[in-house]
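A, B, C, D, E, F, G and H label the chains in the order they appear, each numbered from 1.
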Amino acid sequence: MADATARMLKEKPNSPLYDDIGFAKIDNHRKARRGFPEVVFGKGKTTDQVVKISEKIVKHDGILLITHADKKAFLRLKRSCPGIKFDEKARIISYRKDRPVLKKGLVLIITAGTADLPVAMEAKATLEIMGNRAEILCDVGVAGIHRLLGKQDVLDSAEVVIVIAGMEGALASVVSGLVSKAVIAVPTSVGYGASFEGIAPLLTMMNSCSPGVAVVNIDNGFGAAYFASLINR
Amino acid sequence: MADATARMLKEKPNSPLYDDIGFAKIDNHRKARRGFPEVVFGKGKTTDQVVKISEKIVKHDGILLITHADKKAFLRLKRSCPGIKFDEKARIISYRKDRPVLKKGLVLIITAGTADLPVAMEAKATLEIMGNRAEILCDVGVAGIHRLLGKQDVLDSAEVVIVIAGMEGALASVVSGLVSKAVIAVPTSVGYGASFEGIAPLLTMMNSCSPGVAVVNIDNGFGAAYFASLINR
Amino acid sequence: MADATARMLKEKPNSPLYDDIGFAKIDNHRKARRGFPEVVFGKGKTTDQVVKISEKIVKHDGILLITHADKKAFLRLKRSCPGIKFDEKARIISYRKDRPVLKKGLVLIITAGTADLPVAMEAKATLEIMGNRAEILCDVGVAGIHRLLGKQDVLDSAEVVIVIAGMEGALASVVSGLVSKAVIAVPTSVGYGASFEGIAPLLTMMNSCSPGVAVVNIDNGFGAAYFASLINR
Amino acid sequence: MADATARMLKEKPNSPLYDDIGFAKIDNHRKARRGFPEVVFGKGKTTDQVVKISEKIVKHDGILLITHADKKAFLRLKRSCPGIKFDEKARIISYRKDRPVLKKGLVLIITAGTADLPVAMEAKATLEIMGNRAEILCDVGVAGIHRLLGKQDVLDSAEVVIVIAGMEGALASVVSGLVSKAVIAVPTSVGYGASFEGIAPLLTMMNSCSPGVAVVNIDNGFGAAYFASLINR
Amino acid sequence: MADATARMLKEKPNSPLYDDIGFAKIDNHRKARRGFPEVVFGKGKTTDQVVKISEKIVKHDGILLITHADKKAFLRLKRSCPGIKFDEKARIISYRKDRPVLKKGLVLIITAGTADLPVAMEAKATLEIMGNRAEILCDVGVAGIHRLLGKQDVLDSAEVVIVIAGMEGALASVVSGLVSKAVIAVPTSVGYGASFEGIAPLLTMMNSCSPGVAVVNIDNGFGAAYFASLINR
Amino acid sequence: MADATARMLKEKPNSPLYDDIGFAKIDNHRKARRGFPEVVFGKGKTTDQVVKISEKIVKHDGILLITHADKKAFLRLKRSCPGIKFDEKARIISYRKDRPVLKKGLVLIITAGTADLPVAMEAKATLEIMGNRAEILCDVGVAGIHRLLGKQDVLDSAEVVIVIAGMEGALASVVSGLVSKAVIAVPTSVGYGASFEGIAPLLTMMNSCSPGVAVVNIDNGFGAAYFASLINR
Amino acid sequence: MADATARMLKEKPNSPLYDDIGFAKIDNHRKARRGFPEVVFGKGKTTDQVVKISEKIVKHDGILLITHADKKAFLRLKRSCPGIKFDEKARIISYRKDRPVLKKGLVLIITAGTADLPVAMEAKATLEIMGNRAEILCDVGVAGIHRLLGKQDVLDSAEVVIVIAGMEGALASVVSGLVSKAVIAVPTSVGYGASFEGIAPLLTMMNSCSPGVAVVNIDNGFGAAYFASLINR
Amino acid sequence: MADATARMLKEKPNSPLYDDIGFAKIDNHRKARRGFPEVVFGKGKTTDQVVKISEKIVKHDGILLITHADKKAFLRLKRSCPGIKFDEKARIISYRKDRPVLKKGLVLIITAGTADLPVAMEAKATLEIMGNRAEILCDVGVAGIHRLLGKQDVLDSAEVVIVIAGMEGALASVVSGLVSKAVIAVPTSVGYGASFEGIAPLLTMMNSCSPGVAVVNIDNGFGAAYFASLINR
């Protein structure tokens, strides 16, 4: 941390470690320390709070990612930051002043069904703003496993794999059994009844009989992507 | 029920509907009504109770099935009923005076791993005493799915399929996607941590994205077999 | 699977194994492999996605079943497929170009109460499009068990029985004790408080003291019917 | 409470409201206030503590009831109180100096299976020491419901009914539908897997579709009996 | 049951055991068998279904009780049954042609807080239509226990006590410790966070350290009242 | 309690122990007994009930605190009590006739994120009406722990610390490890998926590896503040 | 922390911040920072590890507290540290070279029943080694509430109150309603069935309708005492 | 998969895809497909089964890893495979004929406490047999966070970080906030009461407010290591 701090202070000698704006302390040091600035969690904040925090981050780092975002914040932010983008389904607001240097590896995002797409879109937007090439392989759930088996070449081309599945979430184990790469599993709240808003696939993925799987929170496409970006070469 | 009762009374005109021996009421009518006599649940009964109930059933119906059984009861019953069998791993005591007429259909019992075998053995013993041909396809879990895919002909030869799996229990969905037969899923307590003694595979199986799956209790090989026997042609 | 594929390719030589339309991969092979084409899960998909997937299935297989469907999708689909039907309570959209060959066996759908009817209707619509004769015996819950006992002849006439119950879900065990056929149990979210949206009847049904019961997901009338159709002779 | 206190002090003018023996405060007032002296919960106390508390109660009230009791405490207490009784299965130690005046009403204890008997024995011992006539109707679970239906006259003869059942616990609802008396339901830990040590029957009983059922803790035969005694005329 | 049936047929010789109106089987036999006609559970039924079932019951028995009722059904029923009453807070519709013979005993309904009142009103309406005198002692929760202790005379005047409490539900144990009558405990969903919509008080009440408590479902004022009426002398 | 009663009666000789207004019994004795009058829980009460209870408390004690309050009650109360205040985010209505004597100690309220602010505001309003100096240190969650470490002097200046955190709630343990004061932890429902509306941080805080932490209910800023006020010197 | 570090280094200029002995890093700084040295959690460590860690702490700070301790570790430690004490029931090993300066305030430990005593003993041992006067008021559960009400003077004499209760845990709310001091609640695993090893009283205590209660982990007498010591004046 | 198969068949032209030994199908293809041969899960298998499976794997691949292993299997395997190793605490049996080529990156294993060491040892053994350099940083839990902060250089030297923690599991979030590398979190069953055998830290880790964390099953040191090896450069 000491090193990172030193590095940051060299780049931005007058930058305080964080901006204190009362209801938030924006972590200016995050990018130096972790490689990416603070990501804004939109839920539970007022539009005003989201906007003020975001403007600080844009100004300091030139990069912005808001998850669980809504349209109101987007419309407000668009005024001061015209290049900003909003994916309503994925609930993602994103902005990047410069174009990131693209990493070599491909991150493959696989979904079990069509209804898992918004989570996949959240992952894709996160990956791209963090400089990763990302592709989505959609609707290859185990009910028709030949759809997945026929894509072995796509699986093999990936450096990291994200598997997104609701209902019983079996896809993560199956994919993991077919590849030699790390599989990041995202349980989704797609389903009903005894899927308990994503608990069923979460448990499935935690107990994968096939090693090489690690799990993030329910519907957390962002978290899977962030993790994938850290391990993408 | 009226018809069944009539039928039974015709066969055994002096048989009461049940034998009342104080701590138990043995349902003599069960075989006429349901096609198979009462099955004894060994757990929570004293050896003495198990033995007395069993002797009544053997005498009345010539068939005996005890689940969750132990060796003590077996040794006691062996005295009066020498042909009786005991599978310790499966915790099954069984006896059949006559040989059952074999049903045509094959019931295929599939296990995800080797550790699921005791449950599979309970299912097999139940199926056989009920007159079914049964085969076990062992250790074809999704961590190495080619082991299953290479057995499509075996899958296709079955009339009914029982899938037994612990950990994440993904196998049931996968098998169901490959066959046009009913899949009876048995979650097992094989696993640790967040498998919660079988809750994880139970939820997986309840939420199968592939239709054609119905679920029985955790480790309930007997129940799956009994159900399979009812639908085996 | 190899056989099924061969059969399908013979029938439709130019048919790919699945149609890839980006947000979905429609499993053209499903009918050959499993006897019935892909069923669309309406929840979590946009109307546009539902419509496009459905049109592909209608075109390829001449049969359509959408569960968790809404009126919007129905009105859109009606334009291109006038014979399509929608049961709003059961949330089922269905269509079948030809009339299915009727199977001989009767599937009896039993509900504990009037409030369980929508789930029963989902089951009935599914059974009928799959070529089964289906009847509903409604409101025979155990609070007035003579209503059920007086219907022993109806119970005996069925080849398969589906029991649908919320609250404590005791009906499944009771019915199972009266018949020699398989009982498929559907817990429903009917109830309040400690029924926990269907967990109470789900556990009841999983633990049936009467063997011959297997369970599907909460409110899953479709799944019970699909399973019943597989075992209906 | 004031009245009860006055009454007690009249009977035993020198009696303090409770005996303080350091590790326990024995509630001498309990019998005056509630009609029955303090009942000792044996679990978690040392043998020494159980013995000392019990001796105080015997001396003050001439009645003793210990639940969750073990043999050690019994053997120790037998020395000073020779008439004491111990039912090992029911884990009940009991003693009564005088014979209670018998209440008129019959309390009927019904068990679903043989394995529920220890809980029934706990209930019976409690009922008898509190002056009730009690009978056990054993093993009439819903898997063979004719065993119960044939006992309508016994059901009708009872003033209060206790239903004891594990596994899915369906019996409580069924019995309640057949009688015009209150049904006290006791879930038991009999079962395995998804019965979750009694949670399944507990939920079943809480959600009874038939009104007239109230529930006590898992395996709590004592509590059901105590409650039954309060309402037995 | 045989006796009850005989009695009913004597009174209403042409009455069938139940009215089958397709979506419901109205249990005409309920009053003879259990002392009170079928109670309608309003939730999950259409207004039309509620109205048709209710009209049958009114016609056959002259008494009507609907729980979980809404205003629509009330306005419809008022046309054909002008004397009908509706308590919106308690969600109870009730009607009684004749005045019931009042039972002697008083049923005391105690609430921990003001927010528990709707459940208490449901209990009171149920008790009154079943011929019981009922009183509510409101807002005597343990945070100010002198409010309860000062009412010992009211407690002592009751034949049966119903305790209604949300949050931690401690009141049931405390009241039980002060009376020699049965305490029926009703957990309510009043509270937030870790009260889990009533699970917290439900568990509290199930585990009462003071014997003489039995529990009904969360918010089930009706069930507590029905049970109380069965035991009220 | 006797002492407290004596004290109160001396101050207000004609004051009854509580005001009985039917739907509520206002505990006039609370302030004497506990140092602060009854606090009104606004949820589940009608506006009318809230207003009438509140007016009694204002009249008797000159202090009012309503939690889970809404605007309607505020507008009604403002008429009779113009000095009353409402914080909509914190859902707190408060009023105090006199100015409280300020306690010496500072209560420091720390939040992990900006979205936890409403709970912090509830705590602050409660602390101030009870005579405490309170400060909020906002948004110092462990994702950027230097924001917290840089505030060691602020931590050291506090007499009591309240830590408010959702998601994983790790902040409570970390703060506790840095101070020699008591830490009251408040889990919040901020988060999604497997945070289960606050269960995740609740468990985190209950299991703190650092001693000196005690926990209140989810989102219960009021409860933490009330407790803090009791221990603030 | 900076100040604390400075203070420590002044006292023990050559003391490193922690002792690294491979399998543990003993926090020498803990006492300076938090007022009490590191407490050893005995469970899950080998006897050897416990002994080596403990000897370091004794040497550095002259005070030792081991929770969840066993006899083996005690016998080993006794050799090098003859004054060490072991309370087997409370599973506490403790040692203090000097006598602590006694704080003025009394910490009152209240238990609902006799079976809660081991947890109370753990609390008492912790309090005493931390320099507090502590008293236990045992067995005053709400089943006989006059035992508690008669001790109002004892309650009033305490500076802090710890309430320890299993089963339904109602005592914490009741005590809190009687005092103007902070109540620290400790749920215990005393009970059976639906007490779920302490979850029932934990939820009860979290939802106390009486403010002024904060909760620690199940059976965590140590944690309650540590917290109490921090707030004892 | 096709490529992998081709590769494997080239290397071992006569090798079948799996060895079928009845109770197991050993996946010979695993190493070609995934880079490491099948790992044996020792729990639930008989010693005989473990030994036979292991001997096949050793023969085919020259590498062996058994998790959840016991001494019996080790002693049996030692006869045929003298170089085999057993770590009893970690329950790991391992063997490697050749020395693996060491990867460059360091995998840092961090534990919160000493009691987490066995899980860390399981991870270390797994990492080393898979060719990784691994170091353990033990006992740096958040109760004394300076122990961690002082090791920033060690954190920065790692390519991948594994964090192992029980109790509240807060360490994973804290570490993640300090590094720019992926953090694999392992909840452990260390703790008691409301840690629920590891559920508490599992939820903590799933809900990390700091991105860059993914989670494996409770106590699953092996799984974390396997995953870490896949992403170690």
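Following the convention adopted for this analysis, contacts are C-beta pairs under 8 Å (C-beta built on N, C-alpha and C of every residue); 3 or more make two chains touch, one makes a residue touch a chain.
What you are looking at is a predicted structure, and each value in this text was computed from that prediction instead of being measured.
Novice: Which chain's mean C-alpha position is the greatest distance from chain H's?
Specialist: E
Novice: Whole-Å distance, chain E centre to chain G centre, using C-alpha means?
Specialist: Computed from C-alpha means, the inter-chain centre distance equals 46 Å.
Novice: Please work out the Cα centroid separation of chain D and chain G, and write it as a whole number of Å.
Specialist: Going by mean C-alpha positions, chain D sits 36 Å from chain G.
Novice: Can you list every residue of chain H that touches 2 or more other chains, as numbers and ranges?
Specialist: 1, 113, 143-144, 149, 177-178, 193-195, 199, 202, 206-207, 211, 217
Novice: Following the definition at the start, I'd like every touching pair of chains, please.
Specialist: Pairs satisfying the touch definition: A-B, A-C, A-F, A-H, B-C, B-D, B-H, C-D, C-E, D-E, D-G, E-F, E-G, F-G, F-H, G-H.
Novice: What residues of chain C sit close enough to touch chain A in their complex?
Specialist: Its residues touching chain A are 1, 17-18, 22-25, 27, 29-30, 38, 41, 43-45, 49, 53, 68, 187, 189, 197-199, 202, 217-220.
Novice: Any idea which chain A residues touch chain H in the complex?
Specialist: Chain A reaches chain H through residues 1-4, 33-35, 39, 149, 152-153, 156, 160, 177-182, 184, 202, 206-207, 211-217, 222-224, 226-227, 230-231, 233.
Novice: Which chain F residues qualify as touching chain H in the complex?
Specialist: Touch list, chain F to chain H: 112-113, 141-145, 149, 167-170, 173-174, 176-178, 191, 193-196, 199-201, 203-211.
Novice: Chain B touches which residues of chain D in the complex?
Specialist: Within the complex, chain D contacts chain B at residues 113-117, 138-140, 143-144, 146-147, 150, 166, 190, 192-195.
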